[in-house]
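Note that the chains are named A, B and C in the order they appear, and that numbering of residues resets to 1 at the start of each chain.
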Amino acid sequence: MKHAVSFAGVGKTYRRPGLLGARYHTALTDVSFELPAGEVTGLLGLNGAGKTTIMKLITGLLFPDAGKIRVFGHSPSDEAAKARVGFLPELPYFPPQLKPADALAYYGRLSGLSGAALAAAVEDAMRKTGLEPHAGKRVSEFSKGMLQRLGLAQALLHSPDLLVLDEPVSGLDPLAIHDIRSLLAGLNSEGRAIFLSSHSISEVEKLCSRVLIMVRGTLARTVKRQEWEASPAGLEGIFVEAVR
Amino acid sequence: MRKYAALVWSVALNSFLEGARSRFFTMFAVFAFTAVYASVLAGVMAVDQEERLLGDFGLLLTELTTLAYLLFNASSSLLREAETKTIYLVFSRPVPRWAYLAGKLAGALLTGAMMLLLMGAIHLSLLYFRGFGLPPFYGWALAGIFLKLCVIVSFAFFVSLFSTSAVSTLVISAIMWTLGHFAAEARFLAEEAAGFKGLLLGLLINLVPNLQLFNARDAAGAAGALPASVLLPAAAWTLACYLAGLWLLSRKEF
Amino acid sequence: MRSRGYGLPAAALLCWAAGAWAGASYRAPFPPPSEMRAPLDGAGGDMLALALGARRAFADLWFVRLLQYYGRREVSEVSDQPGHETHRHRVDEHGHVHCDHGANYGKGDYPRFLPMARHVLEVDPSFTAACLYGAGSLAFNMERPAEAEELLNYGLKYSPKEWKYLTVLAAIGYSKAQDPAAVAEAIKPLLREPDCPVMLKQLAAFLNKRAGNYAAAAAIYADILATSRDEFYLRNAERELRKLARGPGARP
């Protein structure tokens, strides 16, 4: 099976400069895993476990201190890798005075789209994320759920093979969560790999076929759907056992 | 190459539009008011030298207003994009960091050029309504201001990549701008000083861009036209700041 | 991956050095700081002038201060005669009082005039109009030709090809030689220049009138009316033109 992402012995330490010398904080230690192409993989962990660090390493926003990361066979910093990845950070920001299509057009251009292809991509992303009825509104009028949809729309613009989603349903109301879940399921059915982090075990349980559980910067467990479905305590029980 | 040019242009245009949407027009209003007020004062005080005073103060105000806005913009732009995580959406895409920084710089300079042209138009219309024509050195003065802005804005972008706050970037850049205007005086002092002191001063002078080279606004009577040779130091200092900034940005994590 | 090399900072340093090298031959067209004799109350302004690269604007301010200083009437100048409050009257060697209606405007001590006028040029030596105004006032209003020459020579140091300074120097020479006609002739070419101070125009008109060149005097007064914005000189030019229209030698 081809891998969308592979981590081999990856380590990451943050350096915080201070008056009396720098302070160091180890975020990841010797993390190794693969994300199969076309699958939905979840990332669970308590706060500070290293979930966001992993996502930023995949998208080239951070550089590893140790180990090797490949995204579709390339370094995460390579343009070839980035062209195939869509990223939704937690609580994305868009200029409030813009209309959604304008914001998307900018990010579409940054993804190398232009002309008719750009217009079609913007329209498609807005349709998929259910933003079409709100096309006339400004971002300042958007609810948190709509902002999250817009965040997803920008990640989808260039039709990526891998979606990296940091807390995609955080803070959303149940209806918005339902809509996002349906959207992600639809995207996965198109053959896209999805890698999402969440605090919501039930959400991960519903969407993912595999889950990585991070504990204090190390990969504590990799659980497949069959495992948690076979376990009497379910995924929650496995998670609690892993983090304790 | 066309792909990268399109990327740089996209970032530049976005940066320009953001600038135009925010405080752009407020600055114009402030400038227009100050210029009108100054013209009334000039009429009363300078009598037969009103034209000169109005021209000089209009250009000085134009430069200071544009400088203040661009320094504010350059000091806070990258920091704000990192804080709002907008930069995540940019650098997770196939956008090389050199193209992003070039786009940001180009956007800021495009904003500066537009501000200079619009404020110049306001200023010239004021001169016209007061019964004066186009000062002979006007175009050169604006061109010189723009070259100064190129150097100092690229310097501000460079500083913003290692400084801890927008205020410190603003202060450091403003100090550099001031030192840049003192460069000619400092060179004179270095040439007067003997021995080690002179050598040290001479070395230090080279760490500061000599902004007087581009100050056609101020040297209007002595040397109104900017010689083509000033383009080389302007381009060299701007590029130096850009490359140093790129080095920091290429190592920066978000 | 993160850039670990030092190619970029090395290229940046090279570019910076290239900029410094390209600009090394530049010498400012301004007086060195050692020549700036800033009055105590103006030192801050001079620092700003240099720091903001705004010598012209601050020279303008110094010039306005000079105008305000010179525009302030000294006690000896005030006449209490109705209609003659703005100027003083000349008393000749026989004790007769003469009224030139302000042609002698500005006579007085004004001890700070020369340092203030010189300081305008120290800040911006290309401010020709200020130098001409200062020298003209010193030489022909305050009758301090030595100070006027000092000012003009300072101006010539930074603008050695400035023929207007040479012209006024020549006029001062004729003035010292008590040759008013030659003075009027010497400053004649200056009158067409846009930066010719109105005070010199008025002097030329007055000298022409005294020499009996009424047409030339009227033309200069008409030029003052057309080009100056100084209320004092405008009123005086109107009055003189009316007098000349009534006939030469008419009393006010």
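Here, a contact is a pair of C-beta atoms (placed from the backbone, for glycine too) under 8 Å apart; a residue touches a chain by one contact, two chains touch by 3 or more.
Only a predicted model underlies this, so the values are computations on that prediction, with no experimental measurement involved.
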Separation of subunit C from subunit B in steps, with touching chains one step apart: 1
From subunit B, the most remote chain by mean C-alpha position: A
Chain closest to the assembly centre - both centres taken as Cα means: B
For subunit B paired with subunit C, centre-to-centre distance based on mean C-alpha positions, whole Å: 34
Centre-of-Cα separation between subunit B and subunit A, whole angstrom: 40
Subunit A and subunit C, separation of their C-alpha mean positions in angstrom: 73
Multi-partner residues of subunit B (each touching 2 or more other chains): 253
Residues of subunit C engaged with two or more neighbouring chains: 2
Touching two or more other chains - residue numbers and ranges from subunit A: 63
Contact set on subunit C toward subunit B in their complex: 2-3, 8-9, 11-20, 22-23, 26-30, 32-34, 50-57, 60, 63-64, 67-68, 124-130, 158, 197-198, 227-230
Residues of subunit B touching subunit C in the complex: 43, 45-50, 52-53, 56-57, 60, 64, 148, 178, 180-182, 184-185, 187-189, 192, 205-206, 209-213, 215, 217-223, 229-230, 232-237, 239-244, 246-247, 250-251, 253
In the complex with subunit B, residue positions of subunit A that touch it: 56, 59-63, 79-80, 82-83, 85-87, 89-95, 97, 106-107, 109-112, 114, 154, 158, 164
Residues of subunit B defined as touching subunit A within the complex: 3, 6-7, 10-11, 14, 18, 21, 84-86, 88-96, 253-254
